[in-house]
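Okay, structure first, notes after.
Chains: A, B, C, D and E, in written order; residue numbering restarts at 1 for each.
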């Protein structure tokens, strides 16, 4: 675990600070967050976090420069977005000069691994960010909610203990949180931010400590015979409309408009809408993330066609862990495994 | 084992044996280059029929009969000098231990008296849960047909009050006996599954 | 593009099992092909003329020849098309002989395959671009890093050839390990007698600039044009003034300074010239032991120095040199035997190393060449030598053979008998490695003429008994444990890479193996080159070596440098990687993976960073191209589009 | 107060009762609470691991499991042989093939515990500085030979304590008592192990040379940390003398006894009277004599 | 190279009837394996005719996507061959390639692509006979697997499995 390199003094200071504050007045993580952001904002260029949106089941990213907006900040199982992509992709940072003050950002455990990967690949320097780490017990997949209950017009969504409570035009639905968590959360090994300046709330217990639990879905596919796997992916990927939402949402897909699925120099893909093109697109996405993907699940979350695209990367992550003992986004000083080699390894 | 005979390396080579030794000991015996460091370190080289370097060589050549019938493997005191100094990081003592177990299994123990002492020791553990030193030695010496060994020690030990005449008993002796039974049933199978292996009473406790 | 295809019959070599006429007629149906024919011997003079004629007649812009392996005749045909006015990279070959006609007898299948290969070649050619070499000037100055015998040899060879040489040596003297040796095997030549004149040559050649007590600070640039910063360490003595008279050494009161040159067997003074023949013969103050520099009242040397050369205020300085080639000759270090607890871990004074024994044997050594024990000064009678201490021992991380210990032990045992005729020498060994000229004979002589007792086995333990050392081990040939009560024990400590080898390698952008030895470009065919163009290796920095091999490699590296410097310019190979700056996302992955350090950052206006390939350094492997996510870096002549074009022909 | 599970082992209940007694006394003096493992059983020693790795692991492991259930995270045993078995059980627990049957037999995993010898406990938890401070009756002027035996520090990867070839922990502890401790080359040589019973002459040869070297270095006593070594060197010293035709008379106290003595404890309480070769020579107080001898010299 | 005689057996000719249509792409590094294939030709070591060679400077140039692209678009087999580890002309190119290709090899079957259609190997310029063996074995393997159905169309004869994801 990459803990040693976190600025210890800052982290310690923050923890004791939290303890003091916690005991004194604040009760909820959200209020802690407000308090800490309020204290930090003068030293920050801006603060990136989550805010409630018109859809009570989904939060929206918020970019705070003004202390008045701090009260909009929220955290919890409805904050599903990984915000770290905003640190390296336009347009959020277009107006931020390079020598500006650091940017504050809220991260869950999985998001923090993206940050580590970005720092490791030098797209970001550690001192450019002030990290507000938020231990996470899983995020809600709104599609799972909609599959469980017929919803008309949700007025509010709150989480109490292990329950998601919805007020749907006067009808109250009480749904076990466990049943509507995102797929990636169910095998999560790093619910606690692996890098942070301050930590909000209690640390969370990992749902998985072993590869079998983390990669249960990968194993489920692998149990099927080869032809069935092919049929599965053909039917799944056939739905792909090549909207590239998955790519755009991925914090580590840093090529942006230079992505080779759209260039002519070189020309890897044509605009034909055949299954081979769709397969090759997803191969390109996956291979470019091999040894880099931290499994944040953004690609799958944003897929309008509900294709389990994270699963493809999960398989590569599993290969990296089993074959090369490497999991991305844990150590900013590590070299991604496909950018290095070990002469001693034979047929691996 | 006639040492004067020509050793037909091809015919007497038992590759399964090499593999079994490697599996049981977890060591790669092909790493040994016979430098002799183990032999030079071993306190018992003077007593061995084959010095430990040669035992390693014989294992490399798959000479199962010679190795499992050698007295060396039963004279090894497991003192770890060989393991500590091996330039190839082979746990030689562990190889010797694996060979002892295998020689029991193949019923080729060359020094039955040492095995008998070990067995007596284990019987004591199985019966009482602990070793009853005062009881163990005379019984062993009787069985080994040298009843007067260490007779000279008795008076002084008596005087010092070091000899106890009643074994200390473990309360849950049943549990200890169960460990013996389970291990006996599942012997030599690493995966814990029973592997029926007829063992003569001579080679088992 | 107008493409012409020429299918070669190669007599019957190809035409025997391939219908070349059919291949040619099929080729005419491929996109952009305007001319196709088959010909008896395309590589022959008339065959080449036929190509040149067709280029003119049909206005061809690209040519495909389907014939033998491009490894055979690609240069031939490139020259031919170039003569006809085409760029020589507007040419492709389809290998229909080694890969088709010679490996199968089924004419129909062969013909189909040959047509496919031509189709692929044509498809690739359609994406070919004219490529041009550029010329870079060569700065004909050589930098030699390390002043041991390998570096000295390389420097003298190049200086003799009229080149300017800069030599940088970390220690205060040149000569390296060889300067510490008494005699050399297998001839028993006096080491300083054969090395000394070479050292003097280095100091006297006008075109050699020597920086002793200096280290490489940084290196930039590439073949032909390196810029090197050299750190001249503070010696506290103005060397321009110092005459090497040695008066300061005599009067220096810091008498407990370790005598490093004598391997700590005696003590030196804080201001020191390590040995009488030292080059440069200049004094240096050891700052750790100097009284004045440690805040005590002294300054005796400054008072005594007749030329007022002492400067207690001296600081490190950096000098910059520009060179066109670099030879790394940084040598080796000796294994630290203190990890061997069983040999006393260095706490027994009479258990010494081979290099210490060299100093004992040396007439200019701490005991004036009389063999005596460090503990009590007594003459030893029984001396035991241990081979393979820190060699061929995986448990201490040194599984390799040091290659020289067998020989130097034999030499030391022989010299021992010469010094002390009544003495007995014993050698514990595992195998004798003596494959050089007259080497094995030398080891045999040690045993046959000098009566050295060789015992085959590793030593298990060394411990004191009374005032002697008990050496306990095995004679594996007898299968018994043995012990020798020795007066002196000599450990033949093995060779390991020089301290700091890794850091220097990174400055040089060359690779090194897991033990810190520098990697040659090819173990058989490019043994003195590295994968960084313009950087060469000499001596034990590349791996354990004896003196003859080190000298030979020094000369070999020098000849590589001379052939480079024989040209005023170097022509670059245009088949190298090229960055399309518009597509570069500055992720730095290409820089990370390049085996040659050929890619660097380039800063555009506005502080935007882009990767940039140094075409003179790039060797054209394409790892960057395979790694680049947006494929902004493309290996010229093997671009993604070119390879995809070939693959697409098979996907259709 | 440091709470440590105490695995006594069979010898300390029989022939090495004085080791048990002095261990308790010394640990108590330094505020270490020894929690005896309830209903402990024999570790199986060499006979068990020469029979089957699982037998050895399970016999030793049962004791560790009990210790863990008693809420201890550290287990100490004075006997290096037992320590090897305990560490063997922990190794089995980490072995993919053995873990399952092991846990089935023993009821839990035991690899999280720290297992140490008495020497390691005294060296790491108490340390020479604290011992030196606590000395009431310094052993100044006595020449003591530290003998570690073969298993205490070997093999290094498993023992994870001190140096396998030249351990110094006991040297440091003995020096803390004021004694003179020469560099002893046979610190880790084998004493003959269990061959006292089956091959008496081995002990004569191997323990004999250890005693000889002790005498050669002017040692008055050879200090041990292993009951088997002690038996061979002490109980069998007459047999050794007979075997090698010598007349050695070297007391063989345990490290715990020597430290106890230096702390000023009653020799009887430490079981000094149980040693076969009389340790009386150690009771001579030379500190005063030395002090007198040195006094004027130091003044001058 | 032990046997330089042209008597070396000509394997797989009996399968020539089914050879039609099978296409294997070979990515060979210029320095070792391309030379090895040349050596095999010079020695007249007979080989199946399905292989089409693309010459690359080094296996380090191999982006695994070339392999994926080939298999996705219906090439029946992909064979990559380079210098033996530690003999790379560029010192380390094949070390990079080895990791990348191993990863791909483990990944292909997850997507339903038979990993037997891809092989990578090390053959030096002197190992003509080894090259013959590699080509023959791999070609036979591809023949056993038959033509690559590719992904051009949905395979209609398989029902889509319902795999329970979390």
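What we mean here is this: a contact is a pair of C-beta atoms (placed from the backbone, for glycine too) under 8 Å apart; a residue touches a chain by one contact, two chains touch by 3 or more.
None of the values given here were measured: they were computed from a predicted structure.
Colleague: Using each chain's Cα centroid, which is most distant from the centroid of chain B?
Modeller: A
Colleague: Which chain would you call central, comparing Cα centres to the global Cα centre?
Modeller: Located nearest the centre of all protein C-alpha atoms is chain C.
Colleague: Which chain's centre, taken as the mean of its Cα atoms, is farthest from the centre of chain D?
Modeller: E
Colleague: Roughly how far is chain A from chain D, going centre to centre by Cα mean, in whole Å?
Modeller: Chain A and chain D have C-alpha centres separated by 56 Å.
Colleague: If you average the CA atoms of chain B and of chain C, how far apart do the two points sit, in angstrom?
Modeller: Spacing between the chain centres: roughly 52 Å.
Colleague: Using mean CA coordinates as chain centres, what's the chain B-chain D distance in Å?
Modeller: Taking the mean C-alpha position of each chain, the two centres sit 24 Å apart.
Colleague: Going by the contact rule already set, what residues in chain A reach two or more other chains?
Modeller: Residues 268, 338, 343 of chain A each touch two or more of the other chains.
Colleague: Where in chain C do residues touch at least two different other chains?
Modeller: Where chain C meets two or more other chains at a single residue, that happens at 342, 461, 593, 627, 640, 644.
Colleague: By the touch rule stated above, which residues of chain B touch at least two different other chains?
Modeller: Each of 46, 81, 84 in chain B touches at least two other chains.
Colleague: Which of the chains touch, listed as pairs?
Modeller: Result of the pairwise touch check is A-C, A-E, B-C, B-D, C-D, C-E.
Colleague: Show which residues of chain C lie in contact with chain D when the two form their complex.
Modeller: Spelled out, the residues of chain C in touch with chain D are 340-342, 344-345, 347, 461, 463-466, 470.
Colleague: Where on chain B does chain D make contact in their complex?
Modeller: For chain B paired with chain D, touching residues are 43-44, 46-47, 75, 77-81, 83-84, 91, 93, 97, 100-101, 104, 113-114, 117-119, 121-122, 124-125, 129-134, 137, 140-141, 144, 149-150, 152-153, 156-157, 160-164, 168, 170-172, 175-176, 178-180, 182-183, 186-188, 190-192, 205.
Colleague: Per the contact definition, I'd like the list of chain D residues that touch chain B in the complex.
Modeller: 10-11, 13-15, 17, 39-42, 44-55, 58-59, 62, 97-98, 100-101, 104-105, 150-151, 154-156, 164-165, 188-190, 192-200, 202, 205-206, 235-236, 238-239, 273-274, 276
Colleague: Could you pull out which chain E residues touch chain C in their complex?
Modeller: Answer in residue numbers: 10, 13, 16, 19, 23, 25, 30, 34-35, 37-38, 40-42, 44-49, 51-58, 60-63, 66, 69-70, 73-75, 86-87, 89-93, 96-97, 100, 132.
Colleague: Using the touch definition up top, name the residues of chain E that touch chain A in the complex.
Modeller: Contacts found on chain E: 63-65, 68-69, 72-74, 85-86, 92, 95-96, 98-100, 102-104, 106-107, 109-114, 150-155, 158-161, 163-166.
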